[in-house]
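Two complexes follow with chain A in common, the first pairing it with chain B and the second with chain C.
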Partner chain A sequence: MELLSYVIRKLIGGIPLILGVTLISFVLMVYFGPDKTFELLSKNPTEAEIAQVRAQLGYDRPFLVRYAEYLKEMATLDFGFSDSTGERVSSILSRTIPVSLALLAPGFVLGNLLGIVLGLVAAWYRGGWVDKLIMGGAVVGMSISFLVVIVAFQALFGVVLGWFPVRGWNVHDLPSYAYYVTVPTLASVFVALGYNTRFFRAVLVEEINRDHVRTARAFGARPAEILFRNVLMNAMIPIVTRILFSIPLIVVSGSLLIESYFGIPGIGKVTFDAITSGDQPILKAVVGLTAVLFVLILIVTDILYRVVDPRVSLTGDAR
Partner chain B sequence: MSDPGIILPAPEPAAARLRPERTSLWGRALDQFRRDHAAITGLAIVAVFFLMAVGVWFGWWGTQWSQALGGRWEGPSGGHWLGTNLLGQDIFQRAVYSTRTAFEIGLIVAILSTLLGGLLGALSGFYSSRWIDSVLLWLMGTLDSIPFYLFVAAVAVAMAGNPWAMHIAMVATFWTTTARLVRGEVIKLKNLEFVEAAHAIGLGQFRIIFRHLLPNTFHILLVQGTIVFVSAIKAEVILSFLGLGVQDGVSWGLMIAESTQEVLAGQYMNFIVASSFMFVLVMAFNLFSDGLQDALDPRRAPR
Partner chain C sequence: MTRINQPHPVLRVDNLCVEFATTAGQIRAVDQLSFSVEAGQTLGIVGESGCGKSVTSLAIMGLLPKPAGRIVDGSVLLDGQELTRLPEGRLRQLRGAELSMIFQEPMTALNPVYSIARQMTAVLKRHQQLSARQARHRAIEMLARVGIPRPDQRIDDYPHQLSGGMRQRVMIAMALSCQPKLLIADEPTTALDVTTQAQVLRQMVDLQQELGTAVILITHDLGVIAETCDQAVVMYCGSKVEQAPVADLFLQPRHPYTAGLMQSIPRIREHKLDRLPVIEGQVPNLAALPPGCRFAGRCPNREDRCVQQQPPLTERGAQQFACFNPWNGPVES
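Our next item is the complex of A and B:
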């Protein structure tokens, strides 16, 4: 009961943020967005024709009314039709999002798992040459642009070695999935690994220096057991937070580059095309939905804290 | 941190060179930084790049970056040190000119977002749990919730191809992290005795914020500035690829974007040169920034 009221309070607390992100995307993309009046008019329109089209597009109505309409679009997931293809935006989204998820999931999981493993190893041998090697590698990885990694991997695996395809997404079974997903996965793991390893190492070092770890060591527990039970499990909250928060970022930013570069028909490619062609209905849907998704993740994380960590206060500000 | 009014330690008298451990934050930081070979190397490389950018600024070199001086895809030669690209433009000149573009973007975005973050963070911290703090926190939360590349795209759509759309979008997203850190520090500082004393002798609120609180967050601003600088340079590459980046002139991002077609044709020079220039600068700046963080963060134990 107490938990339920906490959940409800958190959801209500998220409303200002949701209003904020929708307001910003509305102001940027609808209110100051492209004016479509003259695309719908014949040559040399009269004043009356212009006024009529503007009224038809809703440009003459007050700010708040148009914002409320945008909110309604967001709530009903009905964003109208794409400017360039004429397809319904909601059907474009439902067709392309699964492709992006299938494309990015392996890289996302591997990037975080490897990051945690490397972070654990570096934290265990902190100060030693293993640590220096791993962290040096992380700084190098952080310094290479995502775009450079994609171009280099594509050239290496697609052009020079010829093992994997350069473009496309023709997936119908497991082998073909592996065939198309490998190079994008390698690229996204490579890019994520530097940042992930550094973050996880910092969190894990803090935990490894605590008294209970020293006690476990003194009692003769094996390193693998200490690392897993005493260190990793206790550092779970910051780790899970980071992983959850990176989801919207990965889904949009990651897929944007990979898909447009490899010609994969996911949400990132659609967004890329919408950016280059100024397709406003798609952009406002993608921007609005990702921002709302982020706020929802924020709320879910807060609730998860409560479930995982009983010390988090239910009444006070939990953050 | 004992004397709130002074940002940097006063020049030390000669006797101090006998060096009993220095005790001020900046003195200790300087000692620590000097011992950090990676950070010093990084700073030196950044300085070299900066000179390169200054040279372009004064027109000493990199002036012929846009003319087609040779045939397409010429190999390295005395005339074109690193060969030419698809259009016959000199790759070396373009890469050198791009150094200036990178520093312009990095410095403008880093300085503006650090100023904005410092200012709003200090206000937010000083008036914590009042309405101005709530509004600022709401604004930060909102801006943090919109994915960066989409936010830039949205700003670009709204500003209809304005060349400053990229800078504005970067500043609007990057200031929030700085502001949060400064806010936390100011909340911590404002309960210390020296602020109480400042209140007691009747100083105005703004004088306390700008003269006594903000200068004491300078170490945060410095580190954040270097982090934002690197982020801005890296973001420019992606944005240029998306067609939202540099509108006139040339940048490493534009070079990499134009080289993507050349790579498929087996021409790697443009790609390798632009990536290497960028990698070396970003790597050096990362090392410098890490060293700075190690030196200035009291929680990080000296190694």
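Our next item is the complex of A and C:
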């Protein structure tokens, strides 16, 4: 009950945030975004022709009306038709978003899980050779550009070994999914792991020096138990924060890079093409949905804080 | 070396030497320390910060920070079992079961993300093959015994919902829940306010008497020693300078350091003092100890030989002290 009312309050509180974010991005799109007027006109148009096309595109209406219409599109998830392909934006999204999720999820989960495990091991043996080895590897991983990793992995697994495809996405069952997802996953894990491990080790080392860890040791707890219950569970707030807030970044920029390099028809590829071709209906949809995603993540983060730490109160009053 | 020989000490520490590897080289934090504790008895270890009290307790528990800290010599016998040579896995089974420890900071010593019930039952289940229900029952019983009101409800609280005194009671309940032979209490009440301090100490002593647990109470508070201990060991710079039954120690301290400590206790005096007596000088650096008595530099009774050689422990009745020229006078300044 406490949780439900909290979620509702947070959702209501998220509305001004969504309005603010969409307003700013809409202003940017209207005044600095692509203008289709002259693409639709012939050479040397008259003033009347320009005005006619602008009216047809809806550019002549007052800003607030256009913004209200955008909000209506957001609410109904109906963003009209793509300028370049003429397909419904909603059907483009429902076709490509699942592809992106399927593509990114394994790398995201593995990158974080492995990062936490390596961070725990390094923190436990802090100062020792195991720690130095893991941290050295992390620095190496961080130092190599994502683009180089993608190309190198494509060359290794696709060309030299020939085990996996370099491009494409022809997924219809589990084996074909594994066939197409492996190399992109390996590449994104390789790139994320260095950053993740360093971050997780830092927050875990801080917890490992706490008094309650010493208490657990004095009461005969095993190292695995200490690492999980005392160290990891107490470091959950920074960990949850980092993992959740990396989601929008991965969805937007991570998918864009991977999908364009692997020729995968996901939302990142669609967004990239929309930017280059000035396809405003798609851009409006992507920008608006990203803002909503952010607000949802904020709410989920707060709820998870409550789940992982009993000291966090959802009602706002101190106990 | 002389020692007060008791029939069956629960813990016997013999010639314990602990060293730490530091940037300044090997430092001997505990030097040739020997003492023993019997069942139901409380031994106080008193001394100022850095004298090796806490290192001694960590060494007994096998919890010295690795790899810097190491027991280089001596033995620790718990009920006849040598602890210093036990493998970590075996020692882990003893911790919390046969020997327990409570710490100075009740505010941070409990895991903040788990309830008291979860933490207490984890210890019971780990060491005593109890079912979840039995463990919970036993935990509630222990909480009641340390004087926590409505223990069946408080057990589901999280540490942040309890006061410092309550948390320390929980620690005591948890430490004694498996009926260990030995309890080491490292400054258990230092972080509490004075009224709570007395209550918590009383509760701990009562429970210890009931269970027949041997207790090592580490403190820098002579008042706490006087109230709760049977024997007291006074440590200075890593070694024992005096040991005596508490009554004898307060009646006639023999080592000038003990006498100095007693004199610097604030008390109600007939004539008001301008300032409290202090022990002049500084504690020597453990990395550069003088060849003779470690207290010589600050000692009012110093003789020439004190600077050259270390005074051995001498026994007088039930009292031992390491001094060539022991204190004979009154303690009142």
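Everything that follows uses one rule, which is that the second predicted complex is superposed on the first by the 288 of 319 C-alpha atoms of A that agree within 3 Å, B and C clash if a C-alpha of one lies under 4 Å from a C-alpha of the other, contacts with A are read in each partner's own complex, and residues count from 1 in each chain.
By definition in this document, contacts are C-beta pairs under 8 Å (C-beta built on N, C-alpha and C of every residue); 3 or more make two chains touch, one makes a residue touch a chain.
Keep in mind that what you see is a predicted model, and the values were worked out from it rather than measured.
Q: Quick one: chain B and chain C on chain A, clash or fit?
A: Fit - chain B and chain C, as placed by superposing on chain A, sit side by side.
Q: Considering only the touch criterion stated at the top, classify A:192 as touching first (chain B), second (chain C), both, or neither.
A: So A:192 meets neither chain B nor chain C here.
Q: Between chain B and chain C, whom does A:216 touch in the aligned arrangement: first, second, both, or neither?
A: Touch status of A:216: second partner only.
Q: If we overlay the two complexes on their shared chain A, which of chain B and chain C does A:291 touch? Say first, second, both or neither.
A: Only chain B is touched by A:291; chain C is not.
Q: Examine A:74 and indicate which partner it touches, taking first as chain B and second as chain C; both and neither are also allowed.
A: Neither partner.
Q: Would you give the minimum C-alpha distance from chain B to chain C, in Å, for the three-chain superposition?
A: 11
Q: Quick check: in the complex, which residue numbers of chain A touch chain C?
A: Counting only chain A, the residues touching chain C are 210-212, 214-222, 225, 229-230, 233-234, 236, 308-311, 319.
Q: Along chain B, where are the residues that touch chain A in the complex?
A: Going by the criterion above, the answer is residues 138-139, 141-151, 153-160, 234, 237-238, 241-244, 253, 256-257, 259-260, 263-264, 266, 268, 271, 275, 278-279, 282-283, 286-287, 290, 303.
Q: If we count contacts the way the header does, which residues on chain C are in touch with chain A in the complex?
A: Answer in residue numbers: 61, 63, 92-97, 100-101, 103, 105, 108-115, 122-123, 126-127, 158, 160-161, 171, 174-175.
Q: Can you check the complex and tell me which residues of chain A touch chain B?
A: Against chain B, the touching part of chain A is residues 16-17, 20-21, 23-25, 27-29, 32-34, 127, 139-140, 142-148, 151-152, 154-155, 159, 166, 248-249, 252-253, 256-257, 261, 271-272, 275-276, 278, 280, 283, 286-287, 290-291, 294-295, 298.
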